[in-house]
C-alpha cells in the first residue's frame, strides 16, 4: 500500500483551476519530487494536501485512510509535516523554541496542567528540548539554538523549518523549495540531510526548482503544468519527456 | 545545557519571590487607605493586563474590549451579592463562570477575524455590553449602578478594609502571575506564540490554532472578570461609567507600554501606568496632556515597551562588559 | 534627531505645566500669618471628562469662595485649606480620590461629586469613616437611606421633575407628553422620575426616547416622538444635545412646546440653539432670574454673580451655585460646631433658613436635601433672554 | 409606519452616516499606507471644527475663509504629527504605532480642552437653517452639504487614485509596500501624504458638522469610534467601502431608533456590524485576506 495517494485532486480559485485532476502516489521510503514551471500549482497542491486549503474535489489517502478536507493540525497529527516556500519562521521565538513547537503533536500537556506547572509538564518539556536539540544537530544549526530565529539567513531558515517539521515525527515530510537561497555547498549539505531524513524512515515529497538537486536525489518525479500532471516517472525518463521539455522551454521563451 | 535552563528558571522564581515580597512590604510602609486602594487598583490592573498580554503579546490577538469583561466580573459579583444575597465568594465564582461563558461564546466567531477586524469586533462587543449595563435597569440599576457590594469573608474575618482586602488581592495577583509564567514557558505558551508568529505554520505543526485562540481569550476574559470582581469588593459600588472604551484602551496601552510577549512586561506596564496616572492627577487640567505626551515619547524611545527596552539595554551592557577586558588593556597600554 | 525635538517640545510643556502648578499652589498658600490650625476641606468634582462643563464651574466657585473666606480671616480664625480632586467623570477615580483626601490630606469634610455615579461611589466611603459629606449631584439615590453622613445642595431630581410635572399639568394642561433624555445618569434619573410622577398628575407618557451625549443628530428620535401624539416634549439632558434637539424640532416643523431640564440652565444653550431656543421653558434655580428671588437670597445671588463674573469673566451657572451653597453651609457649620465630625454633622443637619443660590436650605433629620419646589422657578427663553414663567 | 416617517429615518441616518463616512475615509487612507488604525482620527475632526469656530467667531474671518483656513491648519497638524511621532516608528510593530495614536488622541483632546474650554461651540450653517421638504420628510441644507461633500471627496479620491501618478503610487503602496518600494516609490512620502489627506478629511468633517451638532473637545473619541466602525463595516482599505459602511451605519442606527428602541440603537448597530463581520470577515466590500505561503 502506498503511503500517500492523491486521486483526481482539484482546487479552484474563482475561475482559475489551480490544480486540475491530479493523481499520483508516494511510496514508503521514497524521495519524490514535484516540479513544474512557476504557477504550475505545486504550492497549491501542498496546501490542499496539508489542510491549509480545502480541495474543491478529489481524494487524499494517507496510509490507507481518507484525509481529504481534514484541518491542517489534524493532518500534522496524522503524520504529514511540511516546510514553506516563503519560510514561516516563528520570529518571536529563538531557534530551539521554533523546533520545540514542532513537538506539539508529540506532547499532551493542556492549558490547566501547564498553568499549574505540574511535574509531568516539566518532564515533557525537557524531553522536547532534548529532542529538538538533536534535530538541530541533524540540520547543522545546533550552534544557533539560542539565537533569535529572526536573524537567520534564508538558507538556514529552510533548514530550521526542516528540523521543526521533523520534530513532529512525521511519516511523510513535504519540503517546499528547501534549496531556495542556498549556495552550492549548502545545497549539497541539504541533499545529505534529505538522504538522512529518508534514512530515518521518513518519506520525502519535495517541490524544487533546482533541477540538479531534484535529478540527483529523487526516486521519482511528478511534473505539473498549468495545474495538470503532464508526466510522472524516474528522473532520467522525465528529462527526456517531450511535454516536459516543451513546458519548461515555453516558459523560458515567455520569460525572454 | 539542561542545567543552564534550570538556572534560568530558578532565577525567574527568584524574581517572583522578590516581587511578591515587595508587594507585601509596601503596605507596611504606606499604611493608609488611599495608598492601599491605589495598590489594590494597581494589583487589579496587573491581573487584567497579565491576561491581556497572554492574549495580545503571546497569541497576537488584539482585544479592544476587555473593559467589558472587567465590567461583567464586577456586575456579576454585585448582582449576585446585592440582588440575590449570595456571599462575596459565590460572587467571585459567578463572575468567573459568567465571564468565562461570555468570553467563550464571543471567542468562537470573533477569533476567526484577523487584525483590525478582530479589534473592531471586540470593541463592538464591549460597546454592546456597556449599553446593556446602562439599559438593563432592572438588573444593573441603570446609570445609578449598584451599591452595597459586600467584601468577602472567611470564618468571621471580613476583608472589609482596604488593608485586609489587599491581602486577598495580593494572593490572587501572585497566583495569576505564577500561572501566567507557567503557561508562558510551557508547551501551550509556545503554541500561543506560534499562532502569533505564523498561524499557518503553527497549524502545520499540529497546533489547533482555533482551540488555543479560544482558550487564551477565555483565560484573559476570566482574569479580567476576577479583577472586576475584586474591584466590586473594594469599591462596594459598581457603575457602567467605570467600564468604558477608554478603560479598554488604557488596559491595552498598559500591555503595550510594559512590553508585549513577556509576562513581566505586563507587570511593569500596569504598575508604571497606574502610578503615573495617579501621580499626574496633581497637574489638574494638564494631567492628561502630560500623560499623552509621555505615552508618545515612551513609544518613540521604547517601541518594544519598557521591558523590551531594558532587556535590550541589559544585553548591550553584557556585551560591553565582555568586551571591556581587552579594550581596557589597550587603553592602559596607550596611556 | 526628530525624536530629540519631540522630547524637547514635551519637556518644555512639562516644565510649563509644573510652573502653572506652582503658581496655583502659591495662590492658595498665600495667607496671612495665623496661629490656629487650618481647616482642611476636600472636594471631588468632575472637572474633566463628559461632566466637565458641570464640574469646572463648581471647582472655580470653590476656589473663589475659599479665597474670599480666607481673606476675611477664615473661620473663627482658622484658615481653610481646600484640596480639589478631579475624578475625570469616572466613579472609580472618585472612590480613590475620597480616600486620598481623607487619609492622605486629612480633610474633615468632603464636598462632591458632580455626577450621581461618582457621588454614589463616594457615599459609602465617607459613611465608613464618618466624614460629613455634601454632594452636588441631583440623583435621588444620593440622599436615600442610609444617609447619616451625606447632604446635598443640588436640587434633587424629584424637585425639578415635580416642577416640570406641575407646569405641564397645571399651566399647559396637557394630557400626553413624550420624554427625550440623555442615556447618562442625569438623563436616566430624570426620565425615570418623570415616568413615575406623570400618572399621579393625570398625564400619560406616550414616548420615551434616549440618546448618547455625543450624538450628532436627534431627528430620528424626534420623528418617533412626532408620530406618538405627544402634546409636549420634555428634554432631559445637558448641553449640547438639548440644543441639537431644539434645532432638530424646528427642522422637523414640530411646533409642540419644548420643556427642558435644569441641565440647560446656562448661556451656552442659548448660544448653541440660536433662534430655536426661543420659547423653551425649563425649571431652574433663581440665580437665572435674580429678580425672582427676594430679600437676603437675592442679595446673595447678586453678590455671587458679581464676584464670579469679576474673577472669571463669565457668569456663574446653577452648578456653580451648588458649590457656593455647599461650601457656605459647611463653613457655617464649622463656625458653630468646630471640626469634630459628629458635631459638624449635627451642625450641618441643623442648618435652617440658609439663603443659598439654589434656594433657602432647611435641613433636618429626615431631610438631607433641604430644598422645596418653591425654590425653583420655571424659566422661559425670550429673545435669547431668561424670564420667569409664572 | 408611514412612508414619510420611514423616509425621515433614512434621511436622518444618511445625515449622521455621511459624517461617519468622511471619518471612515480618513481611517482608510492611513490604514492603506501604514496598516495602522489612527485612533486620533476623531481629534482631527474636533480640531477642524474648533479652529473654524475660533477663526470665525474669534478672529472675525468670513465663514468660508475660516473653514478653509481651518482645514489647512489641521492638515499641517497631521503633517507635523506624522513627522514627529509616526516617522521614527514606521518600521516597528503596528501595535506600537496604534498606541502612539492613542497617546496623540489624549494629548490633542486635552490641549483642545485647555484652549477652547469644556463647552461646546458652533458656527452658522453654510446656507441657512430653513429646512427643505422632500416627500414629506425634511432635511436641512447643511445635511445636503455634508452628503454632497462626502460624495465629492470620494469621487475625487477615486480620480486621484486612478489618474495621477502620486495616486497610483499610493494605491500600489496599499497593495504591496515592499513591491512598491522596489518600483522606486518613496513610501515615506506616501505615508506623509496619507496623514495630510486624512487630517484634511477629518477637518472637513469637523467644519461640516460644527453647525449641525456643535463641536466640543471631548467628542473626538466617539466620532472616531463611529468612523472606525464604518470603515470596518465597509471593508478596511476600500474608500468606497468606507463611504458605504459609514452611511449604512448611520441608517442602521436611525432605523433601530425607529423600530427597536433608541437606548439600544448603538447596540443594534454594533450587533449588525458583528454579524456582518462573522459572515464576511473582511467587511462588505473588503478584499479577502489571504496569507501567501
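General remarks:
Think of it as A, B, C and D in the order they're written, each chain with its own count starting at 1.
Keep this in mind: contacts are C-beta pairs under 8 Å (C-beta built on N, C-alpha and C of every residue); 3 or more make two chains touch, one makes a residue touch a chain.
This one's a predicted model, so the numbers in the text were calculated from it and none came from an experiment.
Of all chains shown, the one whose average CA position lies nearest the global CA mean is B.
Using CA-based centroids throughout, the chain positioned farthest away from subunit D is A.
With centres taken as mean Cα positions, subunit C sits 36 Å from subunit B. With centres defined as mean CA coordinates, subunit D is found 32 Å away from subunit B. With centres set at the average Cα position, the gap from subunit A to subunit C is 71 Å. For the pair subunit A and subunit D, the distance between mean C-alpha positions equals 46 Å.
Taken residue by residue, subunit A touches two or more other chains at 52, 84, 88, whereas all remaining positions touch fewer.
For subunit D, residues touching at least two other chains, in rising order: 85, 88, 110, 113, 263, 266, 293. Residues of subunit B in contact with at least two other chains: 134-135, 200, 285-289, 293-294, 296, 300. On the subunit B side of its complex with subunit C, the touching residues are 32-38, 41, 134-135, 137, 142-145, 147-148, 162, 231, 234-237, 239-242, 244, 278, 281-290, 293-294, 296-297, 300-301. Remark: subunit D residues 1-2, 5, 8-9, 11-13, 15-16, 19, 83-85, 87-88, 110, 113, 118-120, 122, 129, 131, 138-140, 209, 212-214, 216, 218-219, 222-223, 253-254, 257-258, 262-263, 265-266 touch subunit C in the complex. Within the complex, the subunit D residues that touch subunit B are 31, 35, 37, 39, 85, 88-89, 92-100, 102-111, 113-114, 221, 225, 228-229, 232, 236, 263-264, 266-267, 270-271, 273-274, 277-278, 281-283, 289, 291, 293. Subunit B makes touch with subunit A in their complex at residues 1-2, 5, 178-179, 182-183, 185-191, 193-194, 196-198, 200-209, 215, 219, 261. Residues of subunit C that touch subunit B in their complex: 3, 6-7, 10, 13-14, 17-18, 20-21, 24, 47-48, 85-86, 89-92, 95-96, 99-100, 102-104, 115-118, 120-121, 123-124, 129, 139, 141, 183-185, 187-189, 192.
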